[in-house]
Amino acid sequence: MNDAPLLAIRDVSRSFGGIEVLHGVDFDLRPGEVHALIGENGAGKSTTMKILGGYLPPSSGTVELDGSTVSFSASDEAEAAGVVMIHQEFNLTEQLTVEENVFLGRELTKGLFLDKTTMRARTREWLERLDCHLDPTLRVSQISVSDKQMVEIAKALGRNARVLIMDEPTAVLTRRETDILLDLIARLRDEGTAILYTSHKLDEIARIADRVTVLRDGSVVMAQEAEGLTEDDMARAMVGREMSDLYPDKAPEPSGETVLDVQGLSVPGHVRDASFTLRRGEVLAFAGLVGAGRTELMEGVVGLREATGSVHVGERKLPPNNVAAARSAGLVYLTEDRKGRGLLLNKNLAENLTLLALNRFSGVTIDKRAEDEALTDAISRYDIRAGDRGMLAGQLSGGNQQKLLLAKTMLAEPDIVIIDEPTRGIDIGTKQQIYGIIQRLAAEGKAVIVVSSEMAEVIGLAHRVVVMAQGRIAGELTGDDIGDEPIVRLAMGLDAKEAAA
Amino acid sequence: QEQESATIGVSIPAATHGWAGGMNFHAQQAVEQLGERYDNLDFVLSTAPDPGQQVNDIEDMVAARGIDALVVLPFESEPLTGPVASVAEQDIWVTVVDRGLSQENIEDLYVAGDNPGFGRVAGEYFVENMPDGGQIVVLRGIPTTIDNERVEAFQQAIDGSGIEIIGMEHGNWNRDDAFTVMQDFLSRHGQIDAVWASDDDMAVGALAAIDQAGRDDIQFVLGGAGMKEMIQRVMEGDEMVPADVTYPPAMIATAIEMTALNFVGSAPVSGEFIIGSELITQENAEEYYYPDSPF
Amino acid sequence: MSAADTTTQTGGGRRLDFHVLGPVLALIALIVLGTLINTNFLSPGNITNVLARSAFIGIIAVGMTFVITAGGLDLSVGSMAAFIAGLMIIVMNATMSVMGVGLMTVIVGILTALVAGLAAGAINGLLITRGRIEAFIVTLGTMGIYRSLVTWLADGGTLSLDFDLRTFYGPVYYGGILGVTWPIIVFALVAIVGEIAMRQTAFGRHCAAIGSNDQVARYSAVHVDRVRTATYVLLGLLVGVATIMYVPRLGSASSSTGLLWELEAIAAVIIGGTVLKGGFGRVWGTVIGVLILSLIGNILNLTDVVSPYLNGAIQGVIIILAVVMQRGTNVSR
Amino acid sequence: MSAADTTTQTGGGRRLDFHVLGPVLALIALIVLGTLINTNFLSPGNITNVLARSAFIGIIAVGMTFVITAGGLDLSVGSMAAFIAGLMIIVMNATMSVMGVGLMTVIVGILTALVAGLAAGAINGLLITRGRIEAFIVTLGTMGIYRSLVTWLADGGTLSLDFDLRTFYGPVYYGGILGVTWPIIVFALVAIVGEIAMRQTAFGRHCAAIGSNDQVARYSAVHVDRVRTATYVLLGLLVGVATIMYVPRLGSASSSTGLLWELEAIAAVIIGGTVLKGGFGRVWGTVIGVLILSLIGNILNLTDVVSPYLNGAIQGVIIILAVVMQRGTNVSR
């Protein structure tokens, strides 16, 4: 390992519209190391990374490459210097294909023309390295969120980076894909690449980091070798206090009254013949591998997708394809795609917050004062770190966007709430709060479905777990049966028959 | 006498303003009546919104409808000259109406309106009725050669008479535009003695604007083209509308009829017929009043 | 997308204030110019003229603001106005021959206009939302259809309202209260209600949400198709209202009525700061846009400096400048 | 946005095939209709006429496909064509008085058209990308400007090419090789090169990427402003090319030259399946769109419809139907 930093920032500050979010940050990256940058939502991780990657200029301070000061005036200069970044938010154009996105801006040509064959082959090859078997000619708008992330990673891999900056690459990945990625990172490190890595999953950090830097409110509060650092130490440094147990006690066992009854639901092309019920006071988790069709099933249930089969809320049968009817029956769905389907990025926080529950705020006209109060309330309840209440949703940090989305959904006061990947990109402190909220909802007699790729979350929260595999319900686990092993076995399709029996 | 059947193509500009609307009406009437009267005649009528489209129409008539005669009222002279000439070369009878082509001797028959005459007659009326001179405003048509010819002739006619044009804008042969322009002329000039609206549609707009402003300095508004409502006002002795100048849209009907005669009668009618622009006053207004025409 | 990004980049609240001032500054500049050019520019007569003639496009442009904000477009409004005017005249003339000249006949005419506007808007809206056809194509099609229909109704010529009826109905354009004529009053009302609807009601919010990202709107249980259709219906209705003011002015309709109104209305909306790709709309901006366009024409008529052939060029330059002024102040901050 | 969603909803590859067939089916339907109506419809003469007259709009529409794919719009092309035609005529007449009728004079004219088109496109492009003004506003402005300029150059009348020169230059429209006239050959070449550029070059991809999400494109080191400007320059150049074919046809330019070409070109692009909001473009679709529009006009001329006043209505209905057919086959799968 070489000790001279490859890429560094010195005393960097950065402000947005008069609010300083980074205060004199020093940070460096050496070849052949994985340097983890962690911190709470809004601490300034993404901002730091963008400055290093040449996507944002610092307000003050310097960026140094190989010991000399540089100012990347555009990201392609950074890239030419071998600095490549995977953004927290997807950086793909929806209407182009996977291959077109992977090679966007640096297409291979044969003479004047594109060399599509080679580009497709390379794309496929890079995806294979991630054990992802996606057809490069699919449009990005047609692939799932986790596949998009794999495409992002493949895109970065193809650039032979000296410095690879990864902003929460695993937030949308399941454990299996995460494992593949972490192995890959280890290999790249061994080849001498400098890697900057961030994640809210502290076990990953503990597993691969050589050094850890912790940001809190835009300042570095800790920077040290990873050796000997426990997850608890990291959490404490991030949050600034001692963390108690992550998962609250489970709510009391549900009473038995069925509030949601789904029978024989099929979503063409994604889900076949799924049936399940949900009881009052219950937390039901849906587990499965990526592409198992959990998201599509839930979207079918609430009427966001064409589906056949029946959905009853209490005694009422929901009309198909009618989100509004589901909503007025007290059934709402929180999407896993916060950027594309969850939030209006160019609208302010209040407008986003009340969009789903607008009828509660408007008679003839909208009661802006009540809206404002709701925002104040949401900011404190969900700990949304917004520099300025008037800012746009797209200017929030990723995790804070997720919190806003959660607040928006809860504002509709649903009786049954389906949350798809509730804690994606959320820091450990807030995660705890969200788990608390879910548990409280159940205890109050509401019903909650959690679709999650995080095994610990599923095990820690649910009364009951439904496992999906390849568009079908593979089995169901309750009580003490809920555990790592059985879930994985079902998800892989190994135990299907047994469980059904 | 057994007569060969023939197809006559009629190509005219679309009804984009009042006069053209009247002309469209007369063309359709003529086609309908002649079609009924003569069994051996077939008519193809097409209307074009611009010169390019008119050339398309003519091409289609020749290539796909096999016309034996073409009656064309050119949208503009220059662009239609070449295409019509090539029609004439194919031994198809060509009748040109209103706007002459820019080359001589292409057409077999020319039924012409007299645009300079239109401007001149109007100008002479002003000179006669404003012996002491005065200040007038002019509303022009859509910028075209026709409009240029009319306005030039008008200016020549009033030259040296002490009549001064204090404002001239395009009203585009359109009531609404004329209304707006006239409103603004009225705001701009405290004293206007008379208005040459150069077209009856524009005259309607100008009169409405004058009415609204309640101004009594304007002695009269002279329009043109003989719209029936205006002729009626002339007939009734309306002081604001003492006269009108003809530019009969019915000339297209005349041309179609004369062309048709070639295929039903024995004597071919060719040559040049100029339909002059006449001054309509209360005395002769009745002769020009066609209550059934849409124009 | 690009709109979102631009906004994101320009960022915070304070810049928006300058962005907001843009069209206002352009309007003020034009007023100063007008005053310098002609002393009658600020006379009550001229002001009334300009405002009253802005009313038609203005009323329509307010409706267009909602359509564009929700991510749509309507090219048919000018032809629609012509068609409704023609229909109204025919119906009123026919009614008159039964009921005579009177309030009832006018009311029948007004109802005709409103119902026709509503229906035309609904047709556009349903073809777009139910038929899933691009708004550009649907309204290009209906634009041709209405324009043809009015030409056909008028037999190529002009449909005229009976003279007595026109005299009776005339005050709806020429009359008013306290020297403010009806078109101005109605325009002001439509603008105020529109501004409130855009900023203070769920409908306005939903329009902006749909235009900004219709998927997010759908996932937020907004009735996307219903709201979209409603914007077209509203626009159709406002075209009807504009026609009600238009017909008494000259009492006629022809194939050249309302020509290019769609372009003027859309231009006014964009000049006013609404984003063409949807997601952000500003009714008061539209009002200023309409006034800017009217003033350009008015000022050109009040001066002789340029060849009338060049009117269009000057108009073009001023439109671009008006928007540059918007951006300019924005950047200079 | 909505376009992307539609694709998402309709999903997989096989449906796309049907979507692709849409405009082709509409075209075939029109050809069948034409053949039924008039036996001369398929005559070489008529086919040549239709193709040759499609060439002007067609060449322009190919350029427009790139502009729209990259998320832009150009309303100025019709006026630009008129202005370039006027300029070309003036320059050629002037050159002739020095050099006489001959190849050199024609070449000077052709160069004038190309340079003017390039410059006009560059002005649009730079105002939009550097000036950061909405494309709609910029090109609405330049549309007025060019239209005015040609009216002014022609002094309100018509500019005409010297008669001898016109006879010399005429073969560029009327002549050809092996019975295929030049406009058709040039149109075909432009279409083929355009199709290749759209699908097989980085430029085409960058256009789609920018139209889909310009922020992402920027982050991917695509020179967003440069590519966007290039689309307008390309379009300007193609307007120049179209004008080179147009001038020998009519030998004149006036204020009514190229009227509404912009609308026709945009309509052709959209009918062909390109998405108005950008991100997806299809040059061959545009070619079919242009042919559909030309055929509608041609067929209307081959038959005696109820009333010529209703031409526009029939056109409107067919345009909507052509697109419904696209959607229809899509849904029926």
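Order as written gives the chain letters A, B, C and D; numbering starts at 1 within each chain.
Throughout what follows, a contact is a pair of C-beta atoms (placed from the backbone, for glycine too) under 8 Å apart; a residue touches a chain by one contact, two chains touch by 3 or more.
Remember, predicted model here, so these are calculated numbers, not experimental data.
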Of B-D and B-C, whichever chain pair has more C-beta contact pairs: B-D
Chain B and chain C: spacing of chain centres that average the CA atoms, whole Å: 33
Whole-Å gap separating chain C and chain D, where each centre is the average of the chain's CA atoms: 29
Geometric centre distance via CA averages, chain B-chain A, whole Å: 72
Touching two or more other chains - residue numbers and ranges from chain D: 5, 151, 155-156, 212-213, 307, 309, 311
Shared-contact residues (touching 2 or more other chains) in chain A: none
Chain B: positions in contact with at least two other chains: 14-15, 24, 28, 143
Each pair of chains that touches, named by its two labels: A-C, A-D, B-C, B-D, C-D
Touching residues (chain side chain D, partner chain B) in the complex: 38, 40-41, 43, 45-46, 49, 53, 56, 151, 155-160, 163, 166, 170, 246, 249-252, 254-260, 297-298, 301-302, 304, 307-309, 311
Complex contact set, residues of chain D against chain C: 1-2, 5-6, 71, 127, 131-134, 136-138, 140-145, 147-149, 151-152, 155-156, 212-215, 263, 266-267, 270-271, 276-277, 307, 309-317, 319-320, 323-324, 327
Sites on chain B touched by chain C in the complex: 14-18, 20-22, 24-25, 28, 140, 143, 167-170, 174-176, 179-181, 183-188, 201, 204-205, 208, 212-213, 229, 294-295
Residue ranges of chain A touching chain D (in the complex, touch as defined): 55, 74-76, 79, 87, 91-96, 100, 104-107, 109, 112-114, 116, 139, 141-142, 269
Chain C residues within the chain A interface of the complex: 3-4, 7-8, 11-14, 196, 200-202, 205-206, 208-209, 212-213, 215-223, 279-280
